Each structure stands twice: as structure tokens, then as C-alpha cells.
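Next come the structures, one after another.
Shared between the two complexes below is subunit A, which has subunit B as its partner in the first and subunit C in the second.
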Partner chain A sequence: MAEIALGEIHKRFGETIVLNGVSLEIGEGEFVALLGPSGCGKSTLLRIIAGLEQADSGTVRIGGRDMADLPPAARNLAMVFQSYALYPHLSVRANMMVPLRMRDLTGFERLPLIGALAPGRREKLAVMAARVEMAAETLKIGHLLDRKPGQLSGGQRQRVALGRAMVREPAAFLMDEPLSNLDAALRVHMRTEIAELHRALGATFVYVTHDQVEAMTMSSRIAVMLDGEIVQIGAPAEIYEDPRDLRVAEFIGSPRINVIEAVADAAGAPVAGHGATLGGRFAAAPGAALRVGIRPEHLALAEPARAPLAGRVRHRENLGAEMLLHVAVPGIATPVVARVAPQAARALGPEAQVGLVFDPADLRVFDANGRRVAALARPERSRAYG
Partner chain B sequence: MAEIALAALPATKAPARRAGRRRLGRTGFLLTLPALLLMLALLIGPVLAVIIMSLTDYQLGAAEFAFIGLRNYAELFADKVFWKSLGNTLAYAAIVVPGSVALGLGIALLIQAGPGLRAFYRAVFFVPVMATLIAMAISWEFMLHAQFGLINLTLKALGLTPRAWLAEPDLVLPTLAVIGIWQLFGFNMVLFLAGLVSIPRTLYDAAAMDGARSALARFRLVTWPMLGPVTMFVVIISAIRSFQVFDTVHVLTKGGPSKSSEVLLYSMYSEGFEFFRSGLAAAIAVVFLGFVLVLTLVKARVIEKKVHYS
Partner chain C sequence: MSGARIGPVGAVLRHAVLLGAAALALMPFLWMLATSLKPQNEIFLSEIRWWPQRLHAAENYAKAFERAPLARFLLNGVIVTGTIFLAQIAVALPAAYALAKIRFLGRELVFALVLFAILIPPQAIAVPLFLLFHQLGILDTYAALIAPFTISVFGIFLMRQFFMTVPDDLVDAARMDGISEFGIVWRVMLPTAIPAVTAFGIFSVVAHWNDYFWPLIAVNSRELFTPPLGVVAFRNEEAGTDYGPLMAAATVIIAPLILAFLIAQRRFIEGITLTGMK
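Moving on to the complex of A and B:
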């Protein structure tokens, strides 16, 4: 168990800059998710931590020790690969034994046939076998130990890969989208299992994913990566509630946050394209272009005449517990999506004219470059619309 | 088509379905017929002809022949030269198979690990495979010549004793085997290269994470087991090809000196086309086919099960 500290990691492949100055501190026993869209450099960063890839510049420290020039084997990390990377010719037991054999047996003891002559080898193997059995017990794969990986289902292979990572008690676990090859139901199940495993082992976990639900549900902190940079690090709730960057706000949350183009008035309140003042006061110069984000669940139905946003319902998505309304508001380019209770929306006919209200405290305002604009004097919730 | 339509019907239509299946079977048979006929004409026919011929006293060019049962085989198995020839062939294979497999694998690993010029090396080492062996055998003859050969000249220049590579009974078979390895390893190398390319990179990553530090450890944990099926194939092909050794013997030694480089196919050739005893030559051919058949069966049955992981 150890903390991991990354300092100003740069990496390029040929002309493409893949990592552009990534710094990250991961505490001992923490579960940090690296979350970002495909191709943003998550795997590359993880491989640099592992030592499978060399950074062009920057430092990797694990447990306070500089890892520069240390091969992967010397870093005492375990990695779970997206493709599992089990050795197909070895049984589950032998697969899980490999890290122990490599660490605890000498080269001579690993030799076929004559290695058996080494004194003490038998005892060592017995200890290893016991640890494999124990890990298998934890992961409930005890009955699969004598099978080959080819005879296992995806979920079972995933467990074996976890088991192979566990047996050695590494300083930290690195996981690269370990659930992406599983079906939806199994993914939900494995999510809890991995989170439980983390609690049980108390080890440091670095978990790469492009699935925000995985990141939100499992991790203690999320590092959002975009285009080779970490844009924001924080607890899942913080990332969701308080995005520092429009790209983060847009990446996290489903359905996506609504973004309304606006201009700041003299008081710093955003005025939308159709002329309605959206409310609140923000640290923006008068006339500055703003992009106002409001999450679908923060919108509520109201009388069109009294609401700052009003328009026709273009499309309804019934998700059972809730309903998504796509409302075309004149003067706003993309339809505004509202998440409302189905009972409230059922009465509405197609193309109904509706109004949408919100609490100005729920507005997240960004400048033209996508950087967050701070709110001045947060309005009281009681004084909000609706 | 009929099967698909019928499959959708409830189970009460079983007789109709059975008829449909029979029709399907007949169609399948008709479709394989051309291939079956070709196989019969080109493979099974000639083999049968050879087996039948091995039971006769037929002589090349003779007007008539008689069935003599297994007398050809009896004569063969009583003949010291045949046993010598069989022994030589096995000894030749025992050198060429490990030699060409190890060299092919070694060079494939070097090319794979090297930074560049892969296509160049691949082409260079493949040249002996494509070259006509008869022509190449003549170049080897020059190189191995006792007085003026490049090899002996080099040895002399280095102060070593030159040898009569093709004239010393103890030396001739190993010399031919070296030529055999030279001819074969490029082919094996290409197969190994293809096998190496298909090994998933993540297995090497996993091996590195699991603590395999040296190239040897990685080779033992990933490369060698993952090459299992290719190695199996390469060994069988090399064995069959070394059983077929003929060109070099014919050009360089004619089985000499004193039968010490006599091999199976050369015996067959001399019985059949120098002494015109076609029946006896056919019996040798049957023995040869037997060996090839055993190798093929070994490949198909025993080992394929063990080296394919699924």
C-alpha cells in the first residue's frame, strides 16, 4: 500500500501530444478514477505509472520513491487489463500463481524438472498455493481453479484477472477499464464487488474508465481527463455539483447539462438570447459572453407566461421513474431537456406549450473559454422562481 | 432454404423435416463430389496404385507382371542397405529438424526484436527456400570442394585442417544435414514470424507486471507457450521435408561414400530408375508414405489437442 504522486508528466507519440503536463496525487488506500472520453490518454497515463511506457518528462513517485528507470517488475504494482490478459495455456490456478512464482522463486527454482531439486522449493510452492486458494475464495472462483481461461465466461475471467492482481499484495492496483467487456448486468454487479474488494484490501486503486457511472459510484475521487490534461480532481459529488470547466460539466451527467448562450448585463446577471434574464449575479463584465449550464433535473414545469424559459415540447422520453422533455425554446439553438416526474408530464399533449423554471442557485455559468464564472452573492433558495 | 422454412414449423411435421434433412445431405454430398473426385484421381488413386505395385514384380518397361504378395517387403527388410538408408534418413531428420526449427525460431526472435530492416532480413533468409535446390546444391559442391572449396580455403587460412566434407563417411551426412538446415530454416523463420506477430502485446505487459524481468523469463512465460501451435506445425513440416531429402544427395554424393549418405528416397530412385525394379521401389515408397502418415496423424491427434488453448 502506498501513495502515488505524478508530477508534470508529458508524453507524445510522434507528433501527437498525448499527455500534456499531468500532475496527480493519490493518497494511500484511496480509490481514484481516471475518467475521460476515449483517446484522452488515460491508458497511457496508467501505463506510465506501471512502467510499461516511459514518459518524455515528469516524475512518478510511489510510496515516496522515485520510479524513474525502474522496470514494471520492480514497482510492485498490479494491473488488471481490459482484455484480462490471462495466460491461455495455464490453468486458473497457475495463472494466479505466476506473480508469486516470479517474485518468490529463483530462476533456478522455476526451471522445469531440475528446478524441483532446489531445496525448500516445495515449501515455497505450498505457501503460494495456499495464497492462491485464499484469493480464489475471496473472489468465489475456488471451483474454477483447474480450468483454462478459454473455458471461462467473461465475468469469470475478470475475476481471475483480479485474483492474479491480488495474490501478491501489491503497493497499488491499476485497472484499465476492467469492466468494459462485460454485459450491463454483470458490470453493475462487478462494480460493487470491486468497490468491496477495495474496502476489504484497503489498497490504493487507480481505476481508468470512460464510464461516468463507474467513476461516480466506485471512487472516492475522480480525476477528469480531457485532451491529455487533468481538468478537475475531486469527490464525485463535487465534480457533478461544482464543475470548474464546461467540458467537465458536459462530460459528467446523463442526460447532458443544458447549455444556454447568454450575455452578462450590468449587474452580472446572464441574459439569454431570447431576452429573458436567467437570474443570479456572476463575476462577469457587462456585455461578456456567457454559457449558462443548468442540469435537466433542476428544471421544473410551470406556467409558460411566468417562466424564464418557455417553448413547445418536441419529444418525450419516458424512462419509467422519470420523464425527459425536450423543449424547443425560441432563441435557444438546441432543445432544452428537463427531467420531470411522469405524473406531471403525462397530462401534456404533444407539442404542448410549457414553461420551465429553476432556482438561479442551480445555474453553473462559464465564460466564452469554458472556464467557470463564480457566483456573486448566492441568491437565497426561498427567493427563487416557481 | 427448405431446412430454414421447415425449422419454423411445429414438431408435428417431423417426417417432412427428416425428408428435408435427407435432401440436404444429398445436396451436400453432390456439392463435395468435385473435390472428392479430384482427391480420388490425384491423391488416393496414385497411392493405391503404388501400394498395388509394391505387391508385384513389375519392372519398368516390362510387358507383364505377376503378383508376388509381400515378397518385395521381405526382400527389403532383409536388405542391409535398406536399413542403412532408413537409419541415415532418420539421422538426417534428427539433425535437420531441431537445427532448422531452432535456427528459424532464433532468427525470427532476433528480427522481431530488432529495430528495423525486418522486410530485408525476412527476404534474405527466405532466399534459400525459394531457390532451386539442384542449382544451390551445385554451389554447395563448389564451396565444399576438398581442394578449391571456399570452406576448406577458409579453414586453411585460419590454420585449421581442411576436411573432405563429402568424401569422409562420418562427415557426409552431417554436411548434407547442414545444407538441409540452410535450405529449410528460412521457411520456418517466416512461420515463426507470423506466429510471433499474432501474440497479443498485453500478454507481455501482463508478464512484465507479474515480475518477468529478463527476456528469457518473458520467452518462457509467454512466447514459447503461445508459439506452441506454430512450433508443432513447423516441427511436423520440417520432419516431412527432411524425410524427402533427395536433391542434395543426388547431386553431391549419390548415396556415397559406401552408402553412408544413402537415404530413403535415393534408394527408391536407384531401385526404380537405375535398376528398374519398380515393385521394390514402390515398396520403399510405401514405407516412406507410412512415416509421413504417422507424422501427420501425430500432428492431427495427439499434440494439436495439447497446444491449442481453448
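Moving on to the complex of A and C:
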């Protein structure tokens, strides 16, 4: 168990800047997700922590020790890969033994045949075998120990990969999209298992994913990475509720947050393209272009005449527990998506005219560059309209 | 699917054509075998006789071993082809690993040179090699037979293509586990590449077991003769027109290859399809 501190990591591949001054502190026993779209540099960052990749500049400290020039194995980290990366010619047991054999046996003891002559080798192997058994027990793969990876299902391979990482009790676990090769049902299941494993081991986890649901459900903190930078870092709820950048707001949440182009009026209230004042007061100069974000679940159905957003229902998606309404509002380019109770929406015919209301406190306002604009006075929690 | 469309007549026709082609390829081998079983007077009959009236096998084979040190030639063949193959693997695997999995400046250039070297026919460099070995004073030794082939650019190319298909994650996992780069080559890459290595092994062993050109140039002493040289020497010097023992000797010499191929056949085909070299 150890904390990880990254300082001003820069990395470029040729002309492409992959990491542009990334700093990150990960506490002991914390579960941090590096979340971002593909190509944002999250995997490179993980590989730099692991030592598989060298940063052009910047520091990596693990447990207070500078890791510069230390090879991957000397960092005492374990990594779980997207493709599992099990040794195909070795049994599950042998796969899980590899890191222990490499760490605890001397070069002579690892030699085939004559290595058996080394004193104490048998005892060491017994200790290792016991560890492997224990890890297999925890992961419920005890019955698979003598199989080859080729004979296992995806989920089982994933467990073996976790087991191989666990046996040497590393300072931290690094996981590179470990669930993305699994089918949807198994992914949901393994999510719970990995979160439980983290609680049981109490170890530091760094988890790279492009799947916001994985990041939201498992981690204690999320670092959102975009274009080689950490744009925001915080608890999942904080990232969701209080995005500091429009890109973060758009990346987190499904369906995506609705973004409405608006202009600030004299009081700092955003006025949408179709002329409706959306409410609230924000720290924006009069006439400044604003982009107003509102999450689908913060919209509610109302009488069209009295609602700030009104339009025709273009498309309905019934998800069972909820219904997504795509409403084409005149003056707003993309349809506004509202998440409503199915009972409320069932009565609506196709192409029905609906109004959408919201609490101005739920508006997240960004400037033209996508930076968050603060609310001046926090509006009271009340429906301004409807 | 296509069989059903063609129908039984088509299927029979197809097999007849295939059988015909196979028979054509097999004919010399079968003739060699048949001849090796015949007494001298039956070999030059005008009629085609696949099985001799008077079996002369024991005499022919005994003569073959008696008149020339066949066992010695076979042993030479094993020493030369075996050493060549091991050396080729020892060079090709690390080189292919570096070309496929390690990023370094000029990697593409080195790989282009490897491809270029494949284009050079061995005959073109035979004379310079002969002169070089003469200077070194290693003509007429095992070293002269083995050294020119220890680096197989084709082997490097074949293994590099195979290693490209091995996921990078596997290499990274091995690095995380503390296996050294050479350790990765021998303990991770080699076991995953067994089909490709087998395929390459067959190419290499067949080529060097049957090689007549270079051994003819490189060695003079009879005790260093490889099997093909042995057979020829056999005919020229002693057997003369005695084709029974000659064919017996030829049979003995190709038998190990056929056995090796039958044993490795499945892996061989696997390896060729795996590397996409059909």
C-alpha cells in the first residue's frame, strides 16, 4: 500500500503531445479512476506510473520514493491489462506463480532441473503455492488452477489476471480498461467484484477507463482527462454535479447533458436563442456568449404555454423505469432530451407539444471557451416556472 | 457447400485430378523405392514393374552402407542442419523480438535491410564467402558448412511477422512481473511462437539437408560430406551403374526428412497459416 504522486508529467510521441503537465496525488488505499475518451493520454499516464513508458519530464513518486529510472518490476506495482495478458502456455497456477517466482527465487533457483538443488527452494515454492491458493480462493477460481488460459471464459481470465496481480501484494494496482473485453452483463458483475476487492484489500487502485459508469460506480475519486490534461479531479458526485468545464459536463452523464446556446442579459441571466430567459444570475458580462447545460433528469413536463422550453416530441425512448423524450425546441439546434417518468409520458402522442421546466439552480453555465461561470446568488430551490 | 453444388460427378472428377497430380509428384519417389528393392537385371527391363520378382532389398541396402560411410554422411547432415537451425533460432528470435516489440531509432531501416537481405541469392555471395573462409583457414571444416547460414534473414522476417501478432500487453505483463528482455524472448515469446518456429524449422532443415551447392564448394574431405554430396560421390566413384544400391542410399538419405515432416506436419501447417504465408 502506498500513495502515488505525479508531478508535472510531460510526454510526447513525435510531434504529438500526449501528456501536458499532469500532476496528481493519489492517497494510500484510494481508488482513483482516470477517465477520458480514447487518445486522451490516460493509458500513457498509467504506463508511466508502471514504468513501462518513460516521461519526457516530471516526477513519479510511489510511497515517497522517486521512481525515476526504476524498471517496472522494481516498483512493486501490479497491472491488469485489457487483454488480460496471461501467458498462454502456462496453467492458471503457473501464471499466478510467475511474479512470485521472479521476485522470490534467485536466478539459480529458477533454472530448470539444477535449480531444484538449491537449498530452501522447496520451502519458498510451498509459500508461493499457498499464496496462489489463497488468492484463487478469494477470487473463486480454485477449481481452474490447472487449466490453460485458452480453456477459460473472458470473465475467468479476468479473474486470473486479477489473481496474478494480487499474489505479490503490490504497493498499488494499476488497471488498464480491465472490463472492456467483457460482455455487458459480466461487466456489471465484475464492477461490483473489483469494488469489493478494493475494499477487502484496502490497496491503492488506479483504474483507467473510458466508461463513465465504471468510473462513477467504483472509484472514490475521478480524474477526468482530456487532451493530455487532467481537467477536473474529484469525487464522482462532485464531478457530476459541479463540472468545471463543459467537456467534463458533456463527457459525464448518459444521456448527455443538454447544452443550450445563450447570451447573458444585463442582470447576468442567460437568454436562450429563442428568446426565453432561462433564469438564475451568473458572473457574466452583459452580452457575453454562454452555453447553458441542463441534465435530462432536471427537466420536467409542464404546460407548453408557461414553460421556458417548449416544442414537439420527436422521439421517445422507453427504458422501462424511465422515458427519454427528445424534444425539438424552435431556436435550439439539437433536440433537448428530458428524462421523465414513463407514466407521465405515456399519455403523450407522437409529435405532442410539450413544455419543459427546471429549477435555475440546476443550470450549469459555461462561457464561450467552455469554462464554468459561477452563479452569483444561489437561486432558491424552487421551480421558477410551471 | 461447393461440394453439394458440384455434385458427385464433380467430386469424383476433382479427386481424380488431385490424385493424378499427387501421383505425378510421387512417381520418382516410388520409382526410387522400387528400384532400391530390385536386383540389377530387373532395373533395366523394358516393362514397368513396381514390385521385383526377386526381392533384392537386403543386398542393395547392405551394399549401400558397405560401400560408402552412409551413417557418417547422415551424422554430418544431422550435425550441420541441427547446428544451423539452433543458431538461426538463437539469432532470429531476439532480433525478431527487437524488430517487433522494442521501439528504437532506425528500427524501420533495420527491418528494410532485413527484407533487402532476403533478396540476395546464396549463389551470389558464394565466391566471396569461399575467399573469406580461405583467408580464415576454415575451409573444409564443419564451421565452413555451418557459418554462412547461422543468420537467417528469412527466419528473422518470419518470426518478426509472428511476433507482431502477439499482443503488446503480454510483453508488458512480463516486464511488470520482472522478466528480463532476453527472458521475455525465451520464456514468453518462444512458447507462444512454437508453431512458427516449427514451420521455420522445416524450411531450414529441408533446405540445408538437401543443400548440394555450398557443401560442394566448402568441403573436400569425404568424412565431412553431407548426405547429398555423399550420394553423388557414391554414384561417381564406386557404384557406377549399380543403381540398386544407389537408390537404396538415396532412400536412406531422404527418410529422415520424410519422418520429420510427418511428425511436425500439423504444426507446420498451423505455423504457415498463422503467419499468413500461404
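As a working rule, the second predicted complex is superposed on the first by the 384 of 386 C-alpha atoms of A that agree within 3 Å, B and C clash if a C-alpha of one lies under 4 Å from a C-alpha of the other, contacts with A are read in each partner's own complex, and residues count from 1 in each chain.
Simple rule for what comes next: a contact is a pair of C-beta atoms (placed from the backbone, for glycine too) under 8 Å apart; a residue touches a chain by one contact, two chains touch by 3 or more.
Everything quoted here is computed from the prediction, not taken from an experiment.
Aligning the two structures on subunit A places subunit B and subunit C in a clash. When the shared chain is aligned, no partner comes close enough to touch A:R244: not subunit B, not subunit C.
By the document's definition of touching, neither partner reaches A:R295: not subunit B, not subunit C. Once the two complexes are laid over each other on the shared chain, residue contacts for A:K42 go to neither subunit B nor subunit C.
In the superposed model, A:H89 lies in contact with both subunit B and subunit C. Contacts of A:K148 after superposition on the shared chain: subunit B is touched, whereas subunit C is not. Judged by the touch definition given at the top, the superposed model places A:R103 against both subunit B and subunit C.
Look at A:L52: by the touch rule set out above, it reaches both subunit B and subunit C. Once both structures are placed on chain A, subunit A residues 47, 50, 52, 71-74, 77-79, 81, 83, 85-89, 98-99, 102-103, 164 are touched by subunit B and, in the other complex, by subunit C.
On the side of subunit B, the complex with subunit A involves touching residues 200, 202-203, 205-214, 217, 220-222, 225-226, 228, 309-310. Residue ranges of subunit A in contact with subunit B, taken from their complex: 47, 50-52, 71-74, 77-79, 81, 83, 85-90, 98-99, 102-103, 107, 110, 148-151, 164.
By the touch rule above, subunit C contacts subunit A in their complex via residues 167, 169-170, 172-179, 188, 191-192. Every residue of subunit A that touches subunit C in the complex is listed here, in rising order: 47, 50, 52, 71-74, 77-79, 81-89, 98-99, 102-103, 164, 176.
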